[in-house]
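Shared between the two complexes below is chain A, which pairs with chain B and chain C, respectively.
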Partner chain A sequence: MPALDWSSIPGALPFLWNGMLVTLSITGVAILVGIVLGTLIATARLSANPIPSSLAALYVNGFRSIPLVMVLLWFYLLVPQLIQALFKNPAADIRLVSAFVAFSLFEASYYAEIIRAGIQSVSRGQVSAGLALGMSRAQTMRLIVLPQAFRRMLPLLLTQAIILFQDTSLVYVIGLSEFFGVAYRTGDRDGTIVELLLFAGAVYFVLCFAASSLVRVLQRKIAL
Partner chain B sequence: MSLGLPHTFLGLDWSIFAQPAFDRSGTYFQFLLVGLQWTLIISVLGWAVAFVIGSIAGIMRTLPGRILPSIAAVYVEVFRNVPLLVQLFLWYFVMPELIPGIGMWFKQGLNPLLQQMVAAVLCLGFFTGARVAEQVRSGLGSLPRAQRAAGLALGLNLMQVYLLILLPVAYRIIIPTLTSEFLNIIKNSAVASTIGLVELSRQSQQLGEFTAHWYESFIAVTVLYAAINVAVMLAARYLERAARLPGLVGGHK
Partner chain C sequence: MISIQDVSKWYGEFQVLRDCTTRVDKGEVVVVCGPSGSGKSTLIKCVNGLEPFQKGEIRIENVSVGDRRTNLPRLRARVGMVFQHFELFPHLTVMQNLTIAQRRVLKRNVRGATDKGLALLEAVGLKAHAQKYPAQLSGGQQQRVAIARALAMDPIAMLFDEPTSALDPEMIKEVLDVMVRLAQDGMTMMVVTHEMGFARRVAHRVIFMDQGRIVEDRPKDDFFKDPGTERAQQFLSKILAH
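On to the complex of A and B.
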């Protein structure tokens, strides 16, 4: 086994930290937009009206049947042209904006399925009780069904967030430098690719293992 | 070669697929078929690795004692908590450096395409294997404890109990979740494009780069992925029906 040279890692830490900030910002934006949009899609999918429900099903099944790599490539093709059309002189970092849009819309399809299952796990009697009290359908959904559903699906939403955090490394395919991209490029430049890749893997493992252990604790605590 | 498509449809030029590819290997249609072929090869081989390793690890987690279940648990946690892309780069760039004997064979005995294939298959196999292990464990866990006891009381040894009693039922219970893992491995195989393996998504990028017909290329490849998805789901539905368990929800009446 060859001797490993870890000496280039301390010097690379500031760059790796900047990369981690990009990773975290993509994860954060995609969680927020994904859950809000996912909730809308889930309610549309459960609607009795066939038009919104089949459109929502098309959205969910469409995104879930193609690889994330293709989704990222698609949005890196579409988003710059949209920005060009909307604002004549694009100042924004198009790679970052493309990644935000791609992950937000992609994750929405996964969150929608989790949220749909959560809503369906609330018993029908709760809805009837809400309607009997004189609440509208929207009020029943917002005040009675969704609070219970979110509590029940919180562990799954968080687990999906951990998967999303790992998946952000795929922005490598559109050349955006997040944590993993910085690690790979630093290693490639300095000839320390083995060390940098092992370091990156260890960082992901520690963060994700800690997070999933916390989710497990939470799951036991909030069980209804 | 004509595909029988109108040259322009939706404002896009579909005749591009009948034109010769930049590498003179045939038309761009055949160029995409090469990608499709590699996507299927690494997915199926990766699935075989995942099924074997996942089954072993899943069974180990249900065995009595402490050592074997812990080893399997460590495997599952490590491979679930490191991103797929990082795992692929570890297999492709790091494994050959760290394991001298195998590394030499990998770097000198294999041509670049085979190197990419071996790395992709091992990566997809071990990554998916960790998920298959969890399915196998939960399938085994869903069986009544008395089945194991009854088998042992009949004089079977532990291996016979697993092979003859527990596993045949457990696998049939987890067919739906294994199907979705198989769909995932096909989608995940697209990461192999990052190490240069000429699978479907890599071919679509090359087609775009060399012809500037990005939309035609991405649409064709997206449709191909969706078609594989539908085909696998139909096959899985047939398999599920054939392997239904009497007496369970969704089983025979």
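On to the complex of A and C.
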């Protein structure tokens, strides 16, 4: 095995940093939109009315039955046309926008299931107590059920966020320069691909390991 | 104040309430007792519309509970309810438990809601615990907070659904004391309970239910002196035997 040559890494750091920013922005947007949309889908799915509940079930089962890479490619082909039709402004980075949309919609389906389980874990008695005080169903959900549900779901939501963070590396299929893509291309250019991928792997490991340690601490806190 | 007329309810094929008719007048304390599964908890939950019923009518101050056009949240805001398992909101402090509905439902300001909350906590002897979370309180304390929370809405009547049956014996008294005082202050109350001592002290009438039917509905003294039906006699002799 040839000796490893780490010399190209310092020079690549600014590019790797920019790639990390793209990775983090996709992760952040997908978490935010995913949780908001996921909450709406979860409440629709739990609705007594069969129309919203079956639409929500269709959404969740649909997205969960399709590989993420395929969703990414579809949205890459679809979103540019949508944006151009809507805003007539091709200036935006189409690849980034389509990654935002694809990840957000995809993650919403996973978050919806976590949130649904969280909502169901809050006892019926709590709902009765809210209603008995004169709150509407929506108020009871917002003020009583969801705050308790989110507290219980926090570890699961964070775990899902860690998975999402790693999954963003898939955007290389649409040629977006996120962290993994930058590392790969830099290594490919300089002939130090093994070193760059080892380095990128170490960065992923440190970040994800730190995040899951945080999850464990939270779990212990919430259990009290 | 509360009138219940020929109310029947089914869970699928199974009938839990059969033609229940009774009333609770203003200032009256009515105790509902009976063996488990007799429908007494279901009946009291029908009164503020937490449980739907298929037949009959319940009116609170002439507003029909079962009518689709009735604004149920508005009606429930005027009728206090206390649950067997307290159902305090665990993510809120005691004070927030007392103020959340005052603020969000009655639109009172923070100051007014807090003052009201403090006065009621003082009345149930828990003023020092205002900033604690429910999990830090004993069962008896939690139930007293739950009573204060219901009273904070200035209800025209209070419903109690087995308020002491999840409590340790030594905590039952502190909760009953609060309820006795409330009754003596003239609150209209409908209380599902097995606490016959409480019924003897403050009830005006006792309702005895069995298999979804109201089988006795009589003034307290008549009920205890001479329960009319054999089923009620059996029930009383069992729970008063010790």
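Quick note on the criterion: the second predicted complex is superposed on the first by the 222 of 224 C-alpha atoms of A that agree within 3 Å, B and C clash if a C-alpha of one lies under 4 Å from a C-alpha of the other, contacts with A are read in each partner's own complex, and residues count from 1 in each chain.
As a working rule, a residue touches a chain if its C-beta (ideal position, glycine included) is under 8 Å from a C-beta of that chain, and two chains touch if they have at least 3 such contacts.
These numbers were taken from a predicted model, which means no experiment stands behind them.
Colleague: Using the superposition on chain A, tell me whether chain B and chain C clash or fit.
Modeller: fit
Colleague: Looking at A:Leu68 after the superposition, I want to know if it touches chain B, chain C, both of them or none. Which is it: first, second, both, neither?
Modeller: The answer is first: A:Leu68 touches chain B but not chain C.
Colleague: With the two structures laid over each other on chain A, which partner does A:Leu133 touch: chain B (first), chain C (second), both, or neither?
Modeller: second
Colleague: Of the two partners chain B and chain C, indicate the one touching more residues belonging to chain A.
Modeller: After superposition, B is the partner touching more of chain A.
Colleague: Please work out whether A:Gln148 is in contact with chain B alone, chain C alone, both, or neither, and reply first, second, both or neither.
Modeller: second
Colleague: Could you look at A:Trp17 and tell me whether it touches chain B, chain C, both or neither (first, second, both, neither)?
Modeller: After superposing on A, A:Trp17 lies clear of both chain B and chain C.
Colleague: Have a look at where A:Trp6 lands relative to chain B and chain C in the superposition and call it first, second, both or neither.
Modeller: Neither partner.
Colleague: After superposing the two complexes on chain A, what is the shortest C-alpha distance between chain B and chain C, in Å?
Modeller: 24
Colleague: Touching chain B in one complex and chain C in the other: list those residues of chain A.
Modeller: none
Colleague: Can you name the residues of chain A that touch chain C in the complex?
Modeller: 125-126, 128-136, 139, 143-144, 147-148, 151
Colleague: Hey, which residues of chain B end up touching chain A in the complex?
Modeller: 77-78, 80-87, 89-90, 93-94, 97-100, 183, 186-191, 193-194, 201, 204-205, 214-215, 218, 221-222, 225-226, 229-230
Colleague: Would you tell me which residues of chain A are touching chain B in their complex?
Modeller: Against chain B, chain A makes touches at 1-2, 62, 65-70, 73-74, 77, 162, 166-167, 169-170, 172-173, 180, 184, 193-194, 197-198, 200-201, 204-205, 208-209, 212.
Colleague: Which residues of chain C touch chain A once you look at their complex with the stated criterion?
Modeller: Chain C residues touching chain A: 45, 48, 50, 72-74, 76-81, 83, 85, 87-91, 100-101, 104-106, 149-150, 153.
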